[in-house]
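Pasting a structure below so you can have a look.
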Amino acid sequence: MSAIEASPSVRSTIIWRATSLIRQRPALALSILCLALVALVALGAPLLPYGPFKQDILHRNGVPSAFHWLGTDELGRDVGARLAMGARVSLIVAISSSLIAVAIGVMIGMLSGYLGGFADTLIMRFVDSMYAFPETLFAILIASLVKGQLSGQAPALLEPLAEAYRWSGGLLGVLLTLGFTCWLTTARLVRSQVLALKNSEYILASQLAGASGWFIVKKHLLPNAQPVILVAITFVVPNAILLEAGLSFIGIGVDPPTPSWGTMIAAGVQSLQSYPHLLIAPALAIGATLLALNVVGDALRDLYDPALRR
Amino acid sequence: MLGYVVKRTLASLPTLFFVYTLVFLIAHVTPGSPWDIGSNRPIEPTVKASLDARYHLNDPLTTQYVEYLASALQGDLGPSYRDRTQTVDQIIWRFLPVSLELGAAAMVVAIGFGLPLGALAALTRHRGVDSAIRMLSTLGISMPTYVVTSILIVTLGVSLGLVPTFGWRGLFSTSAIVPVFSLALAPLAAMIRYFRSSMLEVMHLDYVRTARAKGVRPINIIIRHLGRNALIPVMTVAGVYAANVLTGSFFVESIAGVPGFGRYFVLAVAARDYPVVIGTTLVYALFVITINLLVDLSYVVLDPRIRTSTA
Amino acid sequence: MHSSDRREQQHRKSARQRSLLEVKNLSMLFPARRRLGQARAWVRAVDGVTLSVISGETLAVVGESGCGKTTLGRAMVMLARPTAGEVSFDNIELTKLSLGALRAARRQLQMIFQDPYGSLDPRQRVEDIVGEPLLIRGVPRRARRERVAELLGLVGLGPDAAPRLPREFSGGQRQRVGIARALAAEPKLIVCDEPLSALDVSIQAQIVALLKDVQQRLVLTYVFISHDLAVVRQIADRVAVMYLGTVVELADAAVIFQAPRHPYTVALLSAVPKLATRSSTSQAPPLVQGDPPSPIDVPRGCRFHPRCWLRERLNNPEICVSAEPFLSGGDKHLSACHFATELVRHATLDFDASASLSAGDSR
């Protein structure tokens, strides 16, 4: 009987690789800090001295001062506070889009990949058709549809939804729109992964042992698809934030007076000639956040697939 | 190979149908009547009735669906509801070329600068150059287009007065600089990244090292061996962005005042101008599908392996 | 068909022992990739195989890569649905069962896979891998844990292997885990699909010993698929030789290594230096000529005829091209060759049946 000559448990490989990656790339460390800051600000928004909705017409369009560190907007509201609330909106968008992408995208990808055959072809045709629809265009259509139904006079059936919509300041509309758009990439990626894994011998062994399809998906496919799902999320989140800002920019995202970085940018663009400071704050905020997200996303992708690395 | 082309083209038809159905449903499910927009008083019932009758808005949805499709196939995309003096075709023909110009210019800039920069980043031994280029490209992908446009207008237009801050005077005027560049930024960044990583992958393959060992001059290696293979992933990315860019970005057009397709679309959606919305969407979808088809066909040219296998 | 009836009769006559698994006219055809415009072609991976596996024996299936033996193995355990033919286990026709019924019945047939690196889920701990068949059966956690420890002990791994991940183990150890997993389902028959091919030579001997040990202890039946005749010599009771999707020879192991009756078998054996010694006439050993043909384009008549040394020796008799030979020749030693009886005269090698290949022999 041979003794076990197993190497010391290297369960912490991922953690080790992550920390060494952070040490190697200063940009990555900076990005993580930046994102942590954004999250912190978003969560701490209610604690700021000036509420985002408090108007002070006498002091509107004020440049940054001791009272208002980032100045005031066209209605005298504190830009800093609005920026923080906007961070909140973006955070909610980031989390929701990840959840949606995982819930819907993974389910569809798994179904399509594992079932194969006709079901797969059907689902894939559907996904391909959705891809043909330019995403922004589709989002605009859905967003305006949702707004049309839920704001103002809503049909009786949708009344509870409309209540929620109003309470969220229009954010629900954005989330619903995201629900239609952000699962596509995830579904595709998960499906490819499942197709690759489907014929692995350990899956065959499970089948031989009498496992049902559901069992195999839960115990084998999902855990082994985790890296891919993470990669998909790194694409989904920045895209979703961008989309929300874009929709709010053209006016079909959140409802005023809810602050979103998109609406603030739109307002900033309006007063570009006279008060440029109104544009700079939200533009920098969203730019920095997206940059940080992309850097972190790159690092995560590198972490899970060393083949992609240099 | 002709068979493959035909097959792929035919496969796109169901997609087009799907898009049409979807946009038709969405457009008509949106509540409210197209005649309410733009006025402070609700429209008079008799006027509304006659307008509805004239535009067949009282017909069952299925009838409208078929009718519109039939006339669309003959080239008639219907009248605009918002501006009843124009038909959708007229609107498309007036605004589409501008967007196409803008988009094409942006793609040219993106590819023209992106490929060399990507190659440079891949081939250079100097870590600094590589890092700098990579940083720039990450930056480029991260900034929302409209932010870039705004900033450029503020700096170049307002402060320095180099470019007009609004309006479009043709592709080769200063008014084109800001829109083209802001539109080109994202695909440019993407090109750099993907071409760079693609080249890096190919660079290490055995046959390239063999060529190097044989003493083939670097420039020849680049063009003949690396170029072809590294281009394949690039075509994918190009396709993805081209579809977006060629139809003009809504945001860029709105901010910079480019009278293009995108801007009109946003207005039409707000106005519930169904024919414009549907017609525009169909044209967009047609573009995307065509571009995807072209990208697929380019694979066949670039990768001989695909040519000999079955579709 | 007349000859297959005869075959069946012979099988039944000789089956004094119970046949556990029966395969009748099994075929596995796959659609072939074709260029645009060509007629639909099929890959004939397994083409009309009839076999029975006797309870308690080890039946080896040997052949070159691509002869269909792995596909046959998978069809036997119904991991792939046969295109034609039937598979019966314990007198139950598996091919007629619905998916649900199959899932309930299939525990008794298990498989050990070739690739120790791909056959274990890299994200599962050993105790979960081995315990999975038990979990599926509904065995409660504590009983599961005990049984897993037992099984690990049985295959030569200690209990501290249980909480570890596959990547912490060597190839040989992973195969042991695979064996433990197969045993967890308490099968009656195990198909071993080239279990040694990916292992180092010294480890191979250990695993073979383990397999034999386990077989004896638990009264198992094996179908042992391999391309390595030297290993087969150690473990098999009967041997089936496959070529291009069909069985060309079937006999007891001792007989087949001493006096093969198919030119392909002769060629296979002559390629293994350990098994063949040069005869005094020192003629060149018969080698298989040419490239292995593809299973899409099966040669007419006898499948082996384009590469058959015997056919050449006999001046290319017509029958080799015109008629396909079927397995025939008495109840114990079947061969699919028109000239099986002439073979003895033309073989120039003595096969050393007493050559022993115990563990530790260098190669």
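Lettered A, B and C in written order, each chain numbered from 1.
Operating definition for what follows: a contact is a pair of C-beta atoms (placed from the backbone, for glycine too) under 8 Å apart; a residue touches a chain by one contact, two chains touch by 3 or more.
Here the structure is a predicted model, which means the values were calculated and not measured.
Novice: What chain lies farthest away from chain B once each centre is taken as the mean of the Cα atoms?
Specialist: That would be chain C.
Novice: If I average the Cα coordinates per chain and compare with the overall Cα mean, which chain comes out closest?
Specialist: The most central chain, going by mean C-alpha position, is A.
Novice: Can you compute the centre-to-centre distance for chain A and chain B, using the mean CA position of each chain? Integer Å is fine.
Specialist: 23
Novice: Roughly how many whole angstrom separate the Cα centroids of chain B and chain C?
Specialist: About 57 Å, centre to centre.
Novice: Counting in whole Å, what is the centre-to-centre distance of chain A and chain C, each centre being its mean C-alpha position?
Specialist: Centre separation, chain A to chain C: 52 Å.
Novice: Would you mind listing the residues of chain A that make contact with two or more other chains?
Specialist: As it turns out, chain A has no residue touching two or more other chains.
Novice: List, in ascending order, every residue of chain B touching at least 2 other chains.
Specialist: Not one residue of chain B touches more than one other chain, so the list is empty.
Novice: Which chain C residues reach two or more other chains?
Specialist: Where chain C is concerned, no single residue meets two or more other chains.
Novice: Tell me, which parts of chain C touch chain A in their complex?
Specialist: Touching chain A: residues 74, 77, 79, 103-104, 106-107, 109-111, 113-115, 118-124, 129, 132-133, 136-137, 153, 156-158, 160-161, 164-165, 167-170, 173, 178, 181-182, 184-185, 206 of chain C.
Novice: Across the complex, what residues on chain A touch chain C?
Specialist: 1-7, 9-11, 200-202, 204-212, 215, 219-220, 223-224
Novice: Give the list of chain A residues in touch with chain B in this complex.
Specialist: Result: residues 27, 125-126, 128-129, 131-134, 136-137, 140-142, 144-145, 148-149, 155, 238, 242, 245-246, 249-252, 265, 268-269, 272-273, 276, 279, 283, 286-287, 290-291, 293-295, 298, 308, 310 of chain A touch chain B.
Novice: Please name which positions on chain B make contact with chain A in the complex.
Specialist: That would be residues 12, 14-16, 18-19, 22-23, 26-27, 29-32, 135, 138-139, 141-144, 146-147, 150-151, 153-154, 158, 165, 197, 200, 243-244, 247, 249-251, 254-255, 265-266, 269-270, 277, 281, 284-285, 288-289, 292 of chain B.
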